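Notes to accompany the following structure.
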Amino acid sequence: MKKNLRRVLALVMLVSMIAAFSLLCGASAAKEETVTINVYNWGQYISDGTDGYIDVNKAFTEETGIQVNYITFDSNETMYTKLKTGGASYDVIFPSDYMIARLIKEGMLLPLNYDNIPNAQLVMPAYRGMAHDPEDTYSVPYTWGGTGIIYNTKFVDEADVGSWDLLWNEKYKGKILMFDNPRDAFGVAQFRLGYDVNTTDPQELQACADLLLQQKPLVQDYVMDQIYDKMEHEEAWIGVYYAGDFIMMQAENENLNFCYPKEGFNLFVDSMCIPTSCQNKDAAEAYINFLCRPDICGENMEYLGYSVPIEGATDYMDPEAAANPIAYPDEKTLERGYIYLNLPAETSQLMDSLWLKVKTSGANKTLLIGIIGLVVVIAVCAFFIIRKNKKKAKRKSLYTK
Amino acid sequence: MKRQFLSGPYLVWMLLFTLIPLAIVVYYAFTDSVTGAFTIRNMASMGAYLPIFLRSIWLAVVSALICLVLGYPVAWCIAQTKPLTQRFLYMLVMLPMCISFLLRTLAWVSLLEDTGIVNRLLGQLGIGPLRLVRNDGAVILGMVYNYLPYMIMPLYTVIMKIDPRLVDAAQDLGCDGGQVFLRVTLPLSVPGIVSGITMVFVPAVSTFYISQKMGGTTSTMIGDVIESQFKTAYNPNLGAALSLVLMILVLVCVAVMNHFTGEDESVATI
Amino acid sequence: MKKASKVVTVLVFVFLYVPMLVLMIGSFNSSSDLVVFKSFTMDNYRALFADGVLLPLLLNSLIISVIASLASTVLGTAATLGIHRMGKRMRRFTMFLTNIPMTNPEIVTGVSLALLFAFAGQLMKIKSILGFWTLLIAHITFNLPYVILSVQPKLTQMDPNLTKAAMDLGCTPVQAFFKVVLHEILPGIISGALMAFTMSLDDFVISYFVYGPNFVTLPVEIYNYTKKPLHPKIYALFTLLFLAILAVMLLMNILQARDTARQRNSRQKARAGQPTV
């Protein structure tokens, strides 16, 4: 009866099997010839050929024959978790300063062989031997930049801008976006309270958590790269994010503006590292070297909007982009920038658990509703069960009669 | 006849990939994340997550009930039509289940957000932007939208099986339409209702995507917390403890619901 | 009441299909925003086929779901045959085992498998254990119960004397199985396989916990995409998938309808005393 059905099903399966098989063959044939490296980078963090800019990964493959399997993460913590969980091998990763220190401390990075990375000599002196990796054993800088407040000039009063207070301004309730990772979120609170961003004092951290809780009713959402859509479409008016990303957003919506708050802001350096799970170290180093080449770096950063740490790369950039005051703030602004350091394990654990509390709080009001609901459900259950038992009993009594 | 050995590979498989993983979850739930020593700290901290557990169950129960209220008339209606139409309508119910629920949920966001399609239309009528998304209601809407087909399918199967002669008989015996429904159709569709509620409740209570996209900052569900422990805040031990509690809670809920059907043991009749 | 439920039905169908319509319209939109329709374009489709990122992932999804559904159909059917012959206690235990992945929330299954694979990876010293094989194992695991639950009723309904009759007529037990039993339970097997196929084609939650960087399926990548600004080519893919699934389903429906019609005809003819063809 279902002959035809069977035939269709068989056909569908056959077609997909053939497709699958041919792909498998193709993939394995390709594997024999070429090396593939797994590059694990932040989302929206490489020029990928949009709008006529360079496609960095493609250019690398064309030049070296090494295939790039490009995967993205949305925060340092996500990347750390992936590495820690294991089960997957990555060849090049792009952690930020404090995370590099943490990875070094936990023995999760491999020392680099600089013979394979000659372009690393072009790294500007300011980005060498930084606190997180004093000997530059494990990392080569990729970009640097600052965090600040992005706001929509159409909706936000210029008089309110200038301080982190803007993120706590009742006027913009429901239109504020906040960082969705503990370190950056606590950093904002620390700047606003005037604390050291690398504090290990539990009470100060608690105060920060309280401040974040106080902000929570005003926050539209905790986001990372989702901020792009929300700010560009004016769904949100105020957000806190990285300067380079702002430059990309501004290209889409010219009402957006940026400010480095007066209390201070985070300066970060994102570097390229090789984790211990790496399987093609030479190829990974070739990739790092490629990204350090001034022409590649320049074209890449022109698209990204992040700031260049490589000598001579700005020559390959549009002069206007290379002089952007947001990507390259003046000395006076830079004085307000602070770099995150790695925190002791207890402190970061405390921060994680406080952050979880911030994110999950606010359920108390619904707790009451929840309990009421459960009681109702249980009451209904009990009612049915009792009724059924009664019926059964009735039936039984009928039978026995 | 040694045919029962045919199920040997299956038993081994399930042992390896169902029971042992669950044992590992239990192991993680009772060990420390740093030292790996036995600890009940993870389980002891569950009290702090009680509100989230309760709100997850609450939201899931509400959406299961809404699914029932919406799904029953649909299933009934489909069962009343001609066989050919029936098949076509049933297909229309099935179809959304086959394509990316992630994208479909995202479409809801673009419909409902402050600058979304609905608010734009309302804006033209002069009604100011309403807050339609990022609240518990939106989460329930997302759940109902995603899991409604799981409710309609078992209901339809059960309603189809009801012998039309029973309805006739009830009418002959003097029941009006409402009474027929209450006394014949509804009681006979209880197994479908129970399995439908189970099939909506279980995925709804543990979802994390819907609450992330449709919910606001205070609509965190237990699935979100578990996901974050495994994906962003490396703490699989806490995540395992939460999973364990979630699993037990769901089993209890399902057992309670199965009580309605009585003798029938099978959990989900498809 | 009939009218009211009809209205509800129409509204429910609108409710189910409006978001999909939004996505489909979005696939022809030159702006990346779903909300504002700028102008009509086919660029998204061109981008989808040109960039070669999403289509291989769709293929990955197909590979996994075809192999997983076939493997779980074979394994599950064999298991059902075995369960049929089991003693009561053993059967209870097996059915309990079968129900675990059915009732467990998906996230718990995913998490437990992720922990298992991480553990196995450490044990066997494999750096990149997550990938094709872990995905396949996970998919087979959650597919198996569906196969078993759809084959089992057919097996219980089957007249046990059929096999005996076949053997009396000279079949070996193996022949009897293939000629009689398999034929009887085939509809169950097919619907089980279909169910398994659709379940694993669109599975996100479990795959999300066991995928590796070297083998990603489409739903997982779509989730990763939603964390970044979305490129509208993904809506184009959605539209094409929708049309493909719609076509397959319609085709099956039509064939099925034709089958039943033919059957009814032959039955009527038989009733009328005419010889059936």
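Each chain carries a letter (A, B and C) given by its place in the written order, and its residues are counted from 1.
To be clear about the criterion, a residue touches a chain if its C-beta (ideal position, glycine included) is under 8 Å from a C-beta of that chain, and two chains touch if they have at least 3 such contacts.
The structure presented is a predicted model; accordingly, all values stated were derived computationally and were not measured.
Student: What are the chains that chain B and chain C both touch?
Tutor: A
Student: With contacts counted as C-beta pairs, which pair of chains has the highest total?
Tutor: The chain pair sharing the largest number of C-beta contacts is B-C.
Student: Could you put a whole-Å number on the gap between the CA centroids of chain B and chain C?
Tutor: Using C-alpha averages as centres, the distance is 18 Å.
Student: Distance between chain A and chain B based on Cα centroids, please, to the nearest Å.
Tutor: So the centroids are 30 Å from each other.
Student: Which positions in chain A are in touch with at least two other chains?
Tutor: Chain A, residues with two or more chain partners: 85, 233.
Student: Among all residues of chain B, which ones touch two or more of the remaining chains?
Tutor: 113, 115, 230, 236
Student: Mind pulling the chain C residues that touch 2 or more other chains?
Tutor: Residues 33, 35, 114, 226, 230, 256, 260.
Student: Would you mind writing out the residues of chain B in touch with chain C in their complex?
Tutor: Answer in residue numbers: 1, 3-11, 13-15, 17-22, 24-25, 28, 70-71, 73-74, 76-78, 80, 83-84, 87-88, 91-108, 110-111, 113, 115-117, 120, 145, 148-149, 177-178, 181, 198, 202-203, 205-206, 208-209, 213, 223, 226-227, 230, 236, 239-240, 243, 246-247, 250-251, 254, 265-268, 270.
Student: Going by the contact rule at the top, pick out the chain C residues touching chain A in the complex.
Tutor: Against chain A, the touching part of chain C is residues 33, 35, 56, 59, 62-63, 66-67, 70, 114, 117-118, 121-122, 127-131, 134, 186-187, 190, 193-194, 197, 212-214, 224, 226-230, 248, 251-252, 255-256, 258-260, 263.
Student: In the complex, go through chain C and note every residue touching chain B.
Tutor: Touch list, chain C to chain B: 1-2, 4-6, 8-9, 12-13, 15-20, 22-23, 26, 33-35, 75-76, 78-86, 90, 94-95, 97-109, 111-116, 119, 137-138, 140-141, 144, 146, 148-150, 195, 198, 201-202, 204-205, 209, 218-219, 222-223, 226, 230, 234-235, 238, 241-242, 245-246, 249-250, 253, 256-257, 260.
Student: Along chain A, where are the residues that touch chain C in the complex?
Tutor: Contacts found on chain A: 1-9, 12-13, 16-17, 19-20, 23-24, 38, 40, 43-44, 69, 71-72, 74, 85-90, 224-226, 228-229, 232-233, 277, 279.
Student: Spell out the residues on chain B that touch chain A in their complex, using ranges where they run on.
Tutor: Touching chain A from chain B are residues 34, 48-52, 54-55, 57-58, 61-62, 113-115, 131, 134, 136, 216-218, 220, 225, 228, 230-236, 256, 259-260, 262.
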